[in-house]
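Can you read through this structure? Questions will come right after.
As written, the chains take the letters A, B, C and D, and residue 1 is the first residue of each chain.
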Amino acid sequence: MLEIRGITKQFGGLMALQDVAFMVNRGELVALVGPNGAGKSTLFNIIAGAFPPTRGQIIFNGRDVTGLPSHDLARLGVARTFQQTTLFGEQTALENVLHGRHRHVPARLLAGLLATPSYREEQREVERHALGVLELLGIAAYRDAIAADLPLGIQKLLTVAIALATDPVLLLLDEPAAGLSHDEATRMMNLVASEIRQRCTVVLVEHNMRIVAGWCDRAIVLHFGQKIYDGTPDGLTRDQRVVDAYLGVAELG
Amino acid sequence: MDVYLHLIAQGLAIGLLTGILYVLIALGLTLIYGILHIVNFAHGEIYMLGAMGVFYGYVVLKLPFAMTLVAILVLSLLLGLVVERAFFRSLRGQWLQLVVASVGLSLIIQSLAWVAFGIQEKNVPSFFTGIVSFAGVRLPMERLVAAAVGAVLVALLYLLVYRTKVGLAMRAIEEDEETARMLGINADRVAALACAIGFALAALAGAFVAPIYSLNPGMGLEVILMSFLIIIVGGLGSITGTVLAGLLIGVLQSVGGVLVGAEAAYGLVFVVMIGVLIFRPAGLLGKA
Amino acid sequence: MKRGLLGLVISALVLLPPLGEPYVLHVAIVVLIHVVYAQALYVIMRMGYLSFGHAGYIALGGYTSALLATKLGISPWIGFLAGGIVAALFAWALGTVTLKLRGIYFSLSVFAFAEVVNAVFRAFEVFGGPAGIAAVPRPALFGTQLTTHLQFYYVVLVVSLVSLFFLYRLQWTRFGCTLLALRTRATEALAESIGINAARHKTFAFVVSCFFCGVMGAVHVHYLRFVSPFVFTFFLSTDLLVYVMVGGLGSYWGPMLGTVLLTGLGEQLFAAGYYKSLVYAVVLLVVILALPGGLISPPRIFRRGGREPAVPEAAAATAARER
Amino acid sequence: MRRSPLALAVLVALAVVSVGAPDSAYAQKSFKIAAIVPVSGPAAAFGLGCQRGLELAAEDIGVFTVAGEKYKVEVVTYDTVYAPDKTVAAMNRAVYNDKVKYGVIIGAGVHPPILPIIRETGFLDFAFAAAGKQITNPENPTAFRIMASSDQLYQTYTASIAEKLGAKRIAFLGPNDELGKNDAKAIKAEVEKMKGKGVSFVADEYYERGARDFGPALLRLIAQKPDIIDTDGSPTGSIALIAKQARELGYNGYFVNTTAVLEAKAISDIAGKAGENIIALRIWANPPTKLYTELAERHQKKYGEAAPGTLWETYGAARWLVDTITKAGTFDTKKVADALAGSSYANHPFGPASWGGEKAYGIKRQIVIPIPASILKNGKWEPFDVKSGKFD
């Protein structure tokens, strides 16, 4: 349902991505792997519509979505999280997730100003749904805490909750486990691999091999902007080019 | 036609000579913004104090000019340190509060100045009175000198920022404060220093224009908004951009004034600014 | 509790004036007008935007209505609305191009716009030139011109209460909440990623803000019965900013509090000359330094739980660096 | 959020200072005269002149009797900062709160919004404003202009000055506000009348109030080769810089200025030799009366600086007013206005004064006093004797 066709990205003279292509099937849990500077974040951002590629196409559900602004992509069902744990820091966890419902409820400004019964009912419904998402990720207890005050582990989950609240078809996670303790990471990935992937296809950027091997169906390895591997995680260690790419980087196995 | 060309040439000359004065005032502003991210409304007041300093030191107390300058330099540096410590540091990062705080500061300085200095226009006698005539274009000596001094100050600032350790620290902080702190740079101290230098530049600017203009406590207000325009057009934090924009706006006002009248030129400057912001949001040389 | 208090205040505003001296009414009129200005500015400040040029939109509203009334003899009642609409149109025009800017860049672009507006009004005789437009008529009701302070007070009261109710409700609508998500460039990116069209929301908020400034500007001009390029200047813009910040961005009631207190203070210092701006500035600085969140949000120690001040350092720090 | 104790200390100190700020006193059995004038901001010099003129007048008037009651003049100042809306606020406070019925109000630009209030309440307005018929006209019977109006100045002097200097080309450089635009019209009208004598109006330019660089405007003017540049009511600082910069650009003709607040010393300090040949209307080279000299000395003693030019006319008007009130035996502004308009006054600091303007304004509310003309030579005002034209 997601098809990457010959994506190339140049920053000035620097070739960040070179003719990368692959498919992601419905329900899959795919990892974009690669050492730092391999271009995985760049590719990730291009897919998420943060900026357009220099060349190539992105086909989502048979539709060319190349260079579509991210809010339009979101309407088509593509949600993402950010590497640097971005959330609405000054607001409560629940309010954070409420924003996620934005695309599913009309603004209805006039009704809102008059606070008509139907509008209030609608609002309660939205809150119920948002709360549901928090419960799904087991952080409903923090619903009224100010997001900025939460511990990192919870914040990471909250960012996922915001994205999940949009009922995405495709969920893009940017290093969901980065900065988490071993246990927190495990908890996060278990959620991703079970509850979350039941609801949508997941593509995540990751360079921690433990996570890739432990939870993902498929790994796509980028190296110097080129795809050097596309297959099962356990195949990784047997692939010479991957090993070379990671030589000296003690993240294998 | 020939007359017209001559007018434009003369206008250009005036514009450049005025522009460099703008640059002097705006430089400190852009330096402070670059490091502290403060839009310092009180900057014009420091400029005013510098000019008044010359009046009271050189004219009233009859101190030698050099000594007056040194005094102004020292005092403005100190004032910069105090203000940074007393007002700006406690509000670091809260830009709305900082804007308002600097507005308040400027109001306080200005109203105290009106009370202290009175309403009579002050002035400082010119040292240089001659006129240099060049191909029919007349250049007042004192403005040429002021422009030269301005150029020197700009050069000195360049050296400071690009040739010294302090300058390196400043640029580091401007690039990315967190990293700079991690690298062990004492951001607070650098900020204080930047603030002090910025104030000193403003005060010196005031000191050097004092003989050219007449002085009253309102003179700061008259320049501050123009300075904002300049640093925005030039690109916040960019020294070269500020120099460019200062000269540009000086010329724009002057040549524009000659061609379409001062009235229209006044509006024109703002139109240009909006244009720049639309097509080059980060300013002419700002980092987008 | 709060509702009761509110009801009390409103009924006082409605019932007491007939007992009031004309001067008291004048003060009340001025305060009400400025409260609306401040609340309108608050709409965009809530989403992290600051304007140094709202006076320009107030002037647009005022001039529109004044010109309609004096040149075409159109009723001020229509003029009020027209003023708002014209201001809104210009807000839309500028907003679409400059709202992508953040921090001081946006603030100064609005300032520049306001200066251009004033320069244009001053340059052309059609708009009254530097002398401005005199003899702007007061609105009439059932054939009687509302010339007394009391009569016009009720005009202002009605317009301001309607505006304030709208602005109050606005922040609790989904639209109003969405604006909170656009405060910094980072959160804006997040908002975009969950399907929020940031540009459209920001523009609309700016338009709403300027619409109410335009309407109230028109009312203001019909109160003064005069407008000139020297009425709505840069100083009004900064005053409004000061009112909002002193009151505090923490809640809807902050800007209102700040405006009432500071305009009241100003009235008391009518003869003080330079001391006036001194006292004014001192109050301002003390509040900002002691309570960066404004009067509405006392220091954390006095608060059980409660919210962060509206612009926490982290968020604002990024906002400051925004381009 | 970190706090800054030092800052707070500084501010508290300042706060203490400012609480000691002056406020209007409330004396009983007092006859209040309001000074609705700018006492802060760029125009403060004008306002303080009026305020002090009233204060000195109050001292000299002392106690006076109206209908058997004893009264003392009390001066109440309302700062307008020369802004229309602030002036409306001041007016409301004065009229409705402090129940003041008489006062001096500065500024043509701030008058339009308060004229309705003046008409409604019959407030007796001593208008200190050069520009325009919008103040002095039959609709405002209680508005008296206590200074020479622009029309008056230009009608009185434009022709004769041009004649005396043999000037053929006259240019105008004024502030970009209602005063500048209005006075440009006035002088154009006067120059028109001299077409026959080959005198022509060559150019008009405007500058922003508070501007310190006049280069572009001056370039355009000087390109027209004028013999006289009328600088309108540009205050000391502006006229000095205009002269200085004009000379730098090679202009060596004359300047004419019509403001009362003009410091010979300041001008020559700022402009040096360039300040020569500024012709000032409304400035006395030699004191016209003993009273004038005496007031100048008292002002110097009391306020420690030279008297602002607005002092005299305000002083004279206040004395004249109280005389009239005492004679008329009433405080009713309408009655007083009529009595005042019909009267003349011998003890004005400038000399004998009366009211005129029926022809120009359709009502007798324009003060007619000797109008001086001086020229700046060697840093001093010297009498510039030209026969003054007629105004009525």
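The definition used in the following text is that a contact is a pair of C-beta atoms (placed from the backbone, for glycine too) under 8 Å apart; a residue touches a chain by one contact, two chains touch by 3 or more.
This one's a predicted model, so the numbers in the text were calculated from it and none came from an experiment.
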Chain B reached from chain A - shortest hop count over touching chains: 2
Required minimum of steps from chain A to chain C, each step between chains that touch: 1
Length of the line joining the C-alpha centres of chain B and chain D, rounded to whole Å: 35
Whole-Å gap between the CA centroids of chain B and chain C: 31
Centroid distance [mean C-alpha coordinates] between chain D and chain A, Å: 72
Multi-chain contact sites of chain D, meaning residues that touch two or more partners: 1, 3-4, 7, 14, 40, 44, 176
Shared interface positions of chain C, touching two or more other chains: 122, 274-278, 282, 285, 289, 292, 313-314
Interface hub residues of chain B, defined as touching at least two other chains: 87, 90, 94, 108, 111, 114, 263, 266
Which chain pairs touch, all of them: A-C, B-C, B-D, C-D
Residue ranges of chain C touching chain D (in the complex, touch as defined): 21-23, 26, 30, 122, 129-132, 134-135, 147, 149, 224-226, 228, 230-231, 233, 267, 269-279, 282-283, 285-286, 289-290, 292-293, 299-300, 309, 313
Complex interface listing, chain B residues touching chain C: 33, 37, 39, 87, 90-101, 103-105, 107-108, 110-112, 114-115, 225, 228-229, 232, 236, 263-264, 266-267, 270-271, 273-274, 277-278, 281-282, 286-288
Residues on chain A engaged by chain C in the complex (per definition of touch): 48, 50, 69-71, 74-75, 79-80, 82, 84, 86-91, 95, 98-100, 102-103, 105, 107-109, 112-115, 123, 146, 148, 162-163, 165-166
Chain D partner contacts - residues on chain B that touch it in the complex: 3, 7, 10-11, 14, 18, 82, 85-87, 89-90, 94, 108, 111, 114, 118-121, 123, 125-126, 129, 131, 138, 140, 213-214, 216, 218-219, 221-222, 253-258, 261-263, 265-266
Chain A-facing residues of chain C, complex: 166, 169-170, 172-178, 180-181, 183, 186-187, 189-198, 307-308, 310, 312, 314-315
